[in-house]
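Everything below concerns the one structure shown next.
Chain lettering (A, B, C and D) follows the sequence in which the chains are written, and residue indices restart at 1 in each chain.
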Amino acid sequence: MVNVGIVGATGYAGEELIKILLRHPGVKITYLSAKIDKPIPISEIFGYLKGRLEIICELPDYKRMASLCELLFMALPHTVSMEMVPYLLKENLKIIDLSADYRLRDIKNYEKFYNVKHKSPQIIKEAVYGLPELYREKIKKAKLIANPGCYPTAGILGILPALIADLIETDSIIIDAKSGFTGAGRKPDLNNIFSEVNENLKAYKVNIHQHMPEIEEQLSRFSKKKIKINFVPHLIPLNRGILETIYLKKKDKKLEVKEIISVYKRFYKKEPFIRIYEEKKFPQIKDVLYTNFCDLGFYTKAGEDLLIVIVAIDNLLKGASGQAVQNFNIMYGFNERESLL
Amino acid sequence: MVNVGIVGATGYAGEELIKILLRHPGVKITYLSAKIDKPIPISEIFGYLKGRLEIICELPDYKRMASLCELLFMALPHTVSMEMVPYLLKENLKIIDLSADYRLRDIKNYEKFYNVKHKSPQIIKEAVYGLPELYREKIKKAKLIANPGCYPTAGILGILPALIADLIETDSIIIDAKSGFTGAGRKPDLNNIFSEVNENLKAYKVNIHQHMPEIEEQLSRFSKKKIKINFVPHLIPLNRGILETIYLKKKDKKLEVKEIISVYKRFYKKEPFIRIYEEKKFPQIKDVLYTNFCDLGFYTKAGEDLLIVIVAIDNLLKGASGQAVQNFNIMYGFNERESLL
Amino acid sequence: MVNVGIVGATGYAGEELIKILLRHPGVKITYLSAKIDKPIPISEIFGYLKGRLEIICELPDYKRMASLCELLFMALPHTVSMEMVPYLLKENLKIIDLSADYRLRDIKNYEKFYNVKHKSPQIIKEAVYGLPELYREKIKKAKLIANPGCYPTAGILGILPALIADLIETDSIIIDAKSGFTGAGRKPDLNNIFSEVNENLKAYKVNIHQHMPEIEEQLSRFSKKKIKINFVPHLIPLNRGILETIYLKKKDKKLEVKEIISVYKRFYKKEPFIRIYEEKKFPQIKDVLYTNFCDLGFYTKAGEDLLIVIVAIDNLLKGASGQAVQNFNIMYGFNERESLL
Amino acid sequence: MVNVGIVGATGYAGEELIKILLRHPGVKITYLSAKIDKPIPISEIFGYLKGRLEIICELPDYKRMASLCELLFMALPHTVSMEMVPYLLKENLKIIDLSADYRLRDIKNYEKFYNVKHKSPQIIKEAVYGLPELYREKIKKAKLIANPGCYPTAGILGILPALIADLIETDSIIIDAKSGFTGAGRKPDLNNIFSEVNENLKAYKVNIHQHMPEIEEQLSRFSKKKIKINFVPHLIPLNRGILETIYLKKKDKKLEVKEIISVYKRFYKKEPFIRIYEEKKFPQIKDVLYTNFCDLGFYTKAGEDLLIVIVAIDNLLKGASGQAVQNFNIMYGFNERESLL
């Protein structure tokens, strides 16, 4: 039994972690904290936990984290983790950080896109980027996981096999992303209220979203060139799910969709959470909702420049908490699918 | 041309007033104000007004209201109007107040349910309750209209004909009300954000909602007894619309639904915005959406105690701004349906 | 390992059964059938099952059901089960029937409300009504379970403790029910399409819904009188969940809400899926969604006639497939919560 | 007063035409027909028309159309108009056809994408493509208007100014389109039911949608080359609205967004329904909903290849019935905005 804590337990990612970990036979939740006014039973915040998890959600306290837990899931807003992590690592805790604070090796990009000075830059190089499909071996031995962002998870998984197989031009990558509203977090804001979001649809942060450098950095690691992408996220009136429609330019116009599909199948052949669709079939959010799967579909034709990759994930699972538990399972030698099906 | 202003122009009711009044051939909008940080063109707040209404939304200023307008629509949160109205009446402005501040003759009830001391109680008796179906003659001459609440509009219109015809017991009235989310106003609040409201449904303020005394006072005016009702409002994940399912006890079990329907038809026979459904047909929100209609359907059987009345309105039109313009049309001698069809 | 089949696997209840049973350590799904054109892998119908359940969904065939399964979940439209069940019982299969075909002891009511002649009336008395909170001991030994309807589950669980404790009048029970749209089944119909349902809300089958006699029959079994109820269901634009607001008349006006709550707590004290809310707190659909819980909240005051009980369930879980698996767990001696948390 | 009829009055476009034309001071609706079982008052189909439009919706009958109307709006499924139009033109009716039957000059494309032989090809050249921003002078004198599709309206208006100003490459146009669900028509279909669409999101007809050749043909008319586009439509769980995110490649990398904006402003400077957004602002569906506006926003930077144009319209207004009435206003010399604000 691994004693784990969740810091930031009342946000959407924290809540989802509670749900998954309650099903996990190798885990005991021993600590919950959040930015709240005073300690309160978690079952008063999430009514459906009544009779299932009767512990107190506390105010964050390093000492109690260290004394009660072996591993911490940190589901905090960006720029908060970087203050807490150095202390916690010293106390020998393992950490899976769902924020962006340790995802970017390039500190300048972090400071530009998150508009803040990094407070523990020395630790960044210790962090392993927690995308199992790319870094499983490093994850096994990691003490600090930088759990990927929701958009980057879908984007990187959708582009990388074609990039590594050298099938696409690297200077004209376009990601048109559509996200459900939990992606915006549990924050009171006039733009977030139901009657403003319902029956509406909009693009936001057009080509300036903070997840862009994360995708670019990961793609660049597997390419000879520094890769720049174009990224337009849209907010959709549904609770969960991300669909990314990715437009790529083939190096060889003659390439057919069957060949693409077989490249992706080979790349992901042992992956427990990647599903490749056959020609003319495309993923939809419904098929990945409440699962940790990442589904991929493809369009191209011999003679056409364009390769279209459509990727679907549940933003709170493969895009956040599900992936965090997948990483946890890898770190502790559990079956990678444990509690994720 | 009547020069009108809207105070509280950025809330849902204020926005709806702008939309209606822009279509009104006898109205010029000459003033807009709201609780904002600094003056800003209204078309920057509501993008769709670009090219249609290019005036500045200002911070509230009594003097400018008085100098620019002949009549003011006040679409403010409760407890704000009562500070402004005494001054404005002195300046000879006519006022249609969409807040609750002058709806209740019984000041004690106001102070209990709105939890605040009334600041201009001397003015309450000057106000006419702006439900045209009951008070049309008084509205014609009114200087201050207390525009009814959304739930009370539906509830009173649904119950009153049976009450006045002495068909129902007065001690067992139950209103089960369902409201779209604009009824909660444009307010940032953790409970109002999309992902909390979408795919959820709940009752709130069970039998303690502040619209109860308003319904009770109006019903009591037409009854020999002081009437107490039971009222359970529910929040529904849709933008607009109210459906009230009203449970009444017939005095005479033998009464058939056809007789009920003919009583209501007679009561409302000249009303431009009331529609009575035939037996076995019931109103739905879709049929009143974006209209000022109030639709009524009925269920009972000879031999059964219960009479069920189902009422549907658009909460922002017949439940707020549409009714306000209906009152305006009556006050100024326009066709009562002007700009409301 | 119990080999089970699902007949009607492609409807909402059948789909939900697949999801639950895939998590169940004591179950193997060995047979699926549905009214389809030709056999097809279930993972082509429900894309998210790819890689998780790779069996063929067949056309219904009694012989294969009998040879491949020990128990059948029958998730069929009403009036279909009653043709198949006699044969299957003879083949010694156990059956959990989610349709209404064996729920009503009173055949006349069945034939009136479902508008069809019953084809196996001799079997009705063998069926156990599958509400564990009332009939757990009988369920243990049952060969045929008539799994309750969604509205009746919430209604009966909300009323029965007060009825059995003789706290309420039996002639003035009102249930105002609100249901998500999966309750209408997976049927193509002009009234069911997204743009007709979204942003709409309506009552339907006012006091003539086929679930009324089911509630009345169960309540009457525990009362000296034959009980008649009033029942108004409403369709809400959300996928899942039922909220019932139940209006009851207390026999003793002096009764306080605390006393009511303690009666319900005592009644349900050992129940694994019933949660009683404290005074002034009320259940919402969000808190039971994707769970098998039934949550109950209460309003009344000393001096008032009315007792309001608010009940929330997930219509596809406690209202259908979750309850079916709860019954299965009881029949086979599994922990009653197995795969339902 | 122009006597007009609506053929296909019960679909979404037909319904919207009724709503608009009821407000139009120069129009009398004298005829309605639809594919229905028997004649029925239109107010029984659309309850909200009670007391507003009390005419019978009939079965289609050429003679009655010709004797009762001067102009017909035909809001029929594709491939139906082409049978009726030749007869009606002979009877001297003017026709605004909302279907695709006369939109494509290239009959081969029509027959390929609509999968049917054209039945009145001789008439195609008489039809004027009803996009007022391009063909206003021809529309004035037209007898047959081929009213544009919803996706093409947004796509053509978004691309054409840059194309005509020769600012973009013509071989790499990508339209990522998102549409509300009324775009799918009022058709019973298992994929269209609420619980399948709600909380889902998917791409469909990836690069094979029948609106592609329509966009390509119109763009090609204004270009030296035959233009091929890439087009990926997505279905969004909202009732109305289209948002298109268009990815274009600039011929001159140095071009700044301000220059683009001024090209578009000049192109559309007299247009009553086009609104150009300033730099860093982008349209959203909410701002065009229930209006006939087409809003346009832009992203690019000096040094970047990509120009992103975001376009929003209401699919039932500027994308269908609003545009049809705009064409009607032009044909009959009404103010072009009449009944459309």
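One rule holds in what follows: contacts are C-beta pairs under 8 Å (C-beta built on N, C-alpha and C of every residue); 3 or more make two chains touch, one makes a residue touch a chain.
Here the structure is a predicted model, which is why all the values come from computation and not from measurement.
In the contact between subunit C and subunit D, the residue numbers used by both copies make up over half of all numbers at that interface. A comparison of the A-C and A-B interfaces places the larger number of contacting C-beta pairs at A-B.
On superposing C-alpha atoms, the copy subunit A sits rotated by 180° relative to subunit D, to the nearest 5. Subunit A and subunit D have Cα centroids separated by 39 Å. Note on chain placement: the centre of subunit C and the centre of subunit D lie 46 Å apart, centres being C-alpha means. Separation between the centroids of subunit A and subunit C, computed from CA atoms only, is 37 Å. Separation between the centroids of subunit A and subunit B, computed from CA atoms only, is 46 Å.
Across the assembly, subunit B contributes 180, 196, 198-199, 237-239, 283-284, 286, 289 as residues in contact with two or more other chains. Contacts between chains leave no pair untouched here, as each chain touches all the others. Contacts from subunit A toward subunit D in the complex involve residues 171-172, 174, 176, 178, 180, 196, 198-204, 206-207, 230, 232, 234, 236-241, 243, 245, 247, 249, 282-286, 289, 299, 305-306, 308, 310.
Remark: subunit A residues 22-23, 46-48, 50-52, 199, 275, 283-284, 286-291, 293, 295, 341 touch subunit C in the complex.
Interface residues of subunit D facing subunit C in the complex, by the touch rule stated above, are 12, 180-182, 184, 186-190, 192-199, 237-239.
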